[in-house]
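For reference, chains read A, B, C, D and E in written order, and residue numbers begin at 1 within each chain.
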Amino acid sequence: MLRVENVGKAFDDFMAVNGARLTVERGALVAVIGPNGAGKTTLFNLITGLYKPDRGKIIFEDKEIGGLAPYEICRRGIARAFQIANIFPRLSVFENVQVAVLARQRKSHNLFQPAQNLARDETDAILDNTGLFPQARRVAGALSHGDQRILEIAIALGSEPRLLILDEPTAGMSPEETAKTMNLVQQLARARGITILFCEHDMDIVFSFAQSIMVMRHGETILQGTPDEVRQNHQVQEAYLGGADA
Amino acid sequence: MDPSAVASLLLVGLARAMILFIVAAGLTFVLGVLRVPNIAHGSLYMIGAFTAFTIAEVLGKNPAGFWIALVVAPLVVAAVGLIIERGLLSHLYQREHLMLILFTFGIMLILNDMVKFVWGADYRSVTPPEILDGSFTLGDFAIPRYSIFLLILGPLVALGLWLLSNKTRLGKISRAAAVDREMVGVLGINVSWVFAAAFVIGCLLAGLGGALVAPTTSISLGMDHTIIIECFLIVTIGGLGNTWGALIGALLFGVSQSLGLLFLPQYAIVFPYAIVVIVLLLRPRGLLRSVW
Amino acid sequence: MLEVADIDTYYGLSHILFGVSLRVERGEVVCLLGRNGAGKTTTMRSIMGLTPPRRGTIRFKGKPTAGVEPYLLARQGIAYVPDNRRIFAELTVGENLEIAARDANQKGEWNQARVFELFPVLKEKRSRKGGHLSGGEQKMLAIGRALMTNPDFILLDEPMEGLAPLLVRAIEDQILQLKAAGLTVLLAEQNINSALRVSNRGYVIDDGHIRYTASVKELWENQEVRNKYLLV
Amino acid sequence: MRGKFFILLTALLLTAVLIACGGGAAPTSAPPTSAPAATAVSATTVAQPAARPIKVGIVDTYSGPPAAFGNDALNGFKLALNEINKEGVLGSQIEFVTRDDKYQPDTALSMAKELILQENVDVVVGTVNSAAALAISSFAKEQKVPYIVWIAKSEAITGAKGHRYVFSTSENTAMAGKAGAEALAKKPYINYWIAGEDYEYGHAIANSAWNNLTALNPNVKKAGETWWKTGEPDLTPYLTAIMAAKPDAIIFATGGAGMTNVLKTAKATGLSDKIPMWIHTAIDTSVLKPLGANGPEGVMGTMDYLFYYPETPENQAFVKAYQDAYGAPPGFPAFHAYNTAHFIAEAFKKAGTLDKEKFIDALAGLKIDSPTGEIEMRACDHQVAENMFMGVTKKDPRFEFLIAGDVVDVSSQAVMPSCEDVLKQRGQ
Amino acid sequence: MFNKFVEPRWLLLTLALLAALLFLPLVAPLFYIYIISVIFVTALLAMSLNLVLGYGGIYQFHHAVFYGVGAYTAALLITQLSLPAWISFPAGPLVAALTGLLIGAFCVRLTKLYFGMLQIALGSLIWIIVYRWYDVTGGDNGIHDIPLPEFLTSIHGAYYFVLIIAAVCVALMYLIIKSPFGATLQAIRDNPQRCEAIGINVQHHQLIAIVIAAFFGGVAGVMFVTVERSVFPGLLFWVLSLEIFVMCLLGGWFTFAGPILGAAIVVALRTVASRYTDYWTTVLGIMLILLIFFLPEGVMGWARERFKPRASAADKRGRELDAAR
């Protein structure tokens, strides 16, 4: 579904991503792990078009998408939830999701039709799925942190993606919230048939949810494999333990 | 075209660019460190001019009057700036840009009325000292001595600013604070006072510009309106917060006007604006790198 | 030296730290271990007064720090080396150090020469712009800059993050040198091995809670804690 | 909370400091430019009138660049009212209400509407700003209220845009330009350069001077034109460029603060020594006074009022009265306003009623004695007919600034466009 | 069914206000009718700015240009080409919108302050053209005595005309804000990067918003012509642009009706204050500074904070996010 081939990106002198490779099969839950500064977020930014890659290819559903504008990539079926709650704080929860649904339906240029009657069912369905429905009228900026993160995912769902990219979906959440969120993610993947690519620091989560794990370090892909393969790989151990012993 | 005419016109255009540079440099300095486009900058310039007038007037025939005014007027403006910064502006740094811009607009409204209240509505004029009065001749042309004075002073101010920001601790700290205030604070530096100093330096330059322009023009209410827009444009084409950008912008502005006068005198006033638009269309973020 | 008692810290509406308490005695190197997002940086920022806690107290040298501005804390002797380095990119290496110097002619123990002694690489590149240094050099510069304030206590936030093994080793040595020079250090790390090599004691933080505290020896040995909170 | 207290405190302090240093700083030459009292003020209180008072509404500029003119005019008007109200008009007093238009035409229009609709004034007067004058004029026509313009000099006011309800007690650009042309036609210059401030007044006066000059002397040639924007701080580049073109003479079309600028720069660049130049109002005291002894000598200028000329008892009495009251000699706005007040008083006396239409009929063609001699409100176009003065700047031991020397009178007949021309312009 | 399109009590209040305004001329003195017409015009102008400022988060620093262009277009078509009002009036907003398209197309590439600066530069150029082109625009004198259809020449006629047009425009703007486009625009204001990520072409939407705002600004310009029957270059001057900004701030720029209130307060204060003092701008300046310190959300925002604290907490969060970016 998604293939990243030897992609590189430098900021001034600093190679943030340097030869990253990644394959995401349709329907899979794929995790990217690696120590801080390994280039995970930059990789996601490259896939979603926030940065243009300096080299390499990003192929989604057999088409090259590297260098397209973010909105174009989104329209091709990749949606993303961000590391920090990246919502629309002054809009209601309902509107937060609705905006995404309207954008997907190409109705966002519609000037005179009252928005409240549009895209209602879909929005409600997403809110229902994510458990946000009871809070639909609240202003998003007033939600708890955990709920803002879930709203973040709900907004991404509004784009009806085939591939959903989650950047540390549980960072800063309590254990209960973490469990809730990951269950939700898994359930969404099943119910909606969405492929999921995520990065995460909590290894419990990674190893219990992901079917395939890609390990990055210094902007490079060390390996991609099943959880077992990754667990047994020495390089991975080094990557996390600091490698000073190597 | 008579070459000496071109030369004299260019020199005069450069001299004018020097005043624009001095005022715009103050604006861009504040913009760079505090990230506040100070709309009241023009008013401070006007206060500088009026103060220079008052000092020159009080000292009457004293030949040193002008020179004293040139030193004291910027200091008076700086004092006004310090009061504004410490009393009001320093409480607003956490706010959005828009609030800061509107705040300086409010200050502009008040200062302009203050000037009317203090100095009345009459036109004022300052006589340059003997040594700068009159003109040199270049072929058939006269170049006002005062223009030469400005041509010498402008680069000196530029040099001074360069020394300030590259050779003094305060300058280095300001450059650092422009990028990362919090980190500067963590190093044990009271950023608040750094900002105050930067704002005061900006005001000082506005005041100096005002005092310098005083002998070349009539000092009147409303002299702030033109200068502030011109300075905004200069600062924008130079790159926000970049002192050298202000210099380049001022030169473009002054010289394009001079050259426009040479070729199409009737439309000369359009030239600088056209230059600004062309520059911004080609390089929307200005010619030199902005500090932010 | 430092006493953090039961602090709760928020970023806007998100609650990050939950009743975090820790102590650092004079002359110690204490490490704060935890994964990304566990609350290490927030703890550091709370101590430095950059993100003041909403509840709880922090005492530095016995005096409460609530309401004290960061720059005053810095003058009292705390230095902070942030994880993302935050070098002033437009300033040269020398200038970066220079502006941090507190009262250049004071008896202060740290000066440029001594920083260059500790980090010889920086000396060669003293007139380079900070932004043109490599990641490791920037780390060193950030530490050197903090030292220029003549601190008694230094907060090091992930100094080894993203560095090549050789550099990690170098930084470890340098931390040990600092310790030898009498500085107190609170070190936030996810690189357990390195952290434990230089520390006296350690805290493990996860999800904004201090989960575990023990001597270095215990931390080395307690595989369970390491697996649960610190990955592998 | 402490912070906010501090803020307010500093704001107050700032105000106080500015006021304090203002009080100490500029006492030397500033005339009392006291803010005009804003509510209706009766100038003197003599004998309560039986009928209702006559109410004059003044819209003028008391802030912004030309505020000096507005203040001067208001003083002249008050001075005249003091004289008039001693006897009263139709057994009543003349009162006035002022509004500051900030030199903005839309504000001026709004203020005039308030005066007419809300304050129900009998006559509207005022404005430095020609655009404001034209805007108010068209509203006055609509509301059928007489409007007397006293400083704005656009010839359109009583010319192309003139109508029954508008009057002007100021000389206008047509007159000024023609006066200049009359003088220049006698000189041998051929190549002229025209330069000025890029606004209506500048262009109007330049056009009038040039059109009249070419009519009087068909040999003259225009070598070029230069225009700068109003408020341009430094004119050196412009004047240098003109010098480069070496014309025989220059017609400068500028006014207000720009005038001082031109003269100053002409001196600094040596232009005034090299090339003869004519500027309307160059000999005006408000222009020459700020320059002190440093003004350029030998600049030709025209003016309709000089406080030192003619040296008649009437003028001297007016100057003395004004000087006693306001501490400085009157400028031309004071003169216009003083005349305007007397025109109003005389016209009401002649009409014998407060009726506006009768007032207009009475004012048209009315002659009064001004400090400089008899002046007439010409019936055909409601433009004041008054003599103009032509002079050349020179030093004078009596004054600390330059004044006009070799003053000659230019009769109103010589400079006013004919009634036919005006009516033709109006398309009647 | 949450968020009703218009809450009934607001609808009632609006209708009552409208009715009151319709009957007002029967009782009010002429001058007040005129001033209220001016308030309508100014309020429409302020609202059109707020469409991009408060709802779009766009730093529209030189909105007055569109006001002036609208006014001048109508005035010039009437006086120079003698076109009837029913052609000239609609032409004003259309030309203003076109100007918005031109300026906007260059500006949307930039963000925030740079956007504003470029707009000031381009706007000043248009101002210079209007100010200089005597033969056509009348230069600084402006154009006066613009002939209008009979029914608009009286103060009452102008009042009703402006009232109706302003009401229609306000209704249209309300529709736009409540439309998908409006929702998207607000989303862009809150978080442009996120909008890109959900498939919205941000610059394109911003450009449309600028064109719409310019259109309504142009309508306000034509209304100015109706009320004053004059135009001046001052309508395009940057100081006016900042004054409109102040109105939006004063009323509260995250509220729909805020700019109306702001415009009303400024116009009324100007009228009253200038009777008593020449230092009216000081009054405005002090008011502005007090506002920035104590009521940064404006009067309406303050009212909302008192009565709907939750919404304002969200605004606060929004401000924090804005500041963080």
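By our rule, a contact is a pair of C-beta atoms (placed from the backbone, for glycine too) under 8 Å apart; a residue touches a chain by one contact, two chains touch by 3 or more.
In this text the structure is predicted, and so the values were computed from the model without any measurement.
Novice: Indicate the lowest number of steps between chain B and chain E, counting one step per move to a touching chain.
Specialist: Minimum step count, chain B to chain E: 1.
Novice: Report the chain whose mean Cα position is at the greatest distance from that of chain B.
Specialist: Using the mean of the C-alpha atoms as each chain's centre, the farthest one from chain B is A.
Novice: Averaging over Cα atoms per chain, report the distance between chain C and chain D in Å.
Specialist: 73
Novice: Express in whole angstrom the distance between the two chain centres, defined as the mean CA positions of chain D and chain E.
Specialist: 36
Novice: What whole-number Å value describes the gap between the mean CA coordinates of chain A and chain E?
Specialist: So the centre of chain A lies 40 Å away from the centre of chain E.
Novice: Residues of chain B that touch two or more other chains: which are they?
Specialist: Residue numbers touching two or more other chains: 88, 91, 112-114, 116-117, 225, 269.
Novice: Pull out every residue in chain A that's touching 2 or more other chains.
Specialist: 141-142
Novice: Which residues does chain E have that touch at least 2 chains other than itself?
Specialist: If we look for residues of chain E contacting two or more partner chains, we find 128, 132, 278-279, 281, 286, 289, 293, 317.
Novice: Would you mind writing out the residues of chain A in touch with chain C in their complex?
Specialist: Within the complex, chain A touches chain C at residues 12-14, 35-38, 85, 141-145, 148, 168, 171-175, 201-203, 218, 237, 240-246.
Novice: Using the touch definition up top, name the residues of chain D that touch chain B in the complex.
Specialist: Result: residues 3-4, 6-7, 9-11, 13-15, 17-19, 21-23, 25-26, 28-31, 33, 62-68, 70-71, 103, 198, 224-229, 231-238, 240-244, 246, 256-261, 264-265, 268-271, 274, 286-287, 290-292, 294 of chain D touch chain B.
Novice: Using the touch definition from the top, list the residues of chain B that touch chain C in their complex.
Specialist: 169, 172-173, 175-176, 179-180, 182-191, 291
Novice: Give the list of chain E residues in touch with chain B in this complex.
Specialist: Within the complex, chain E touches chain B at residues 59, 106, 109-110, 112-114, 117-118, 120-122, 124-125, 128, 132, 238-239, 242, 245-246, 249, 278-279, 281-282, 284-286, 288-289, 292-293, 296, 319, 322-323.
Novice: For chain E, which residues are in contact with chain D within the complex?
Specialist: 29-32, 34-35, 38, 128, 131-132, 134, 138-142, 144-145, 153, 155, 228-230, 232, 234-235, 271, 274-281, 286, 289, 293-294
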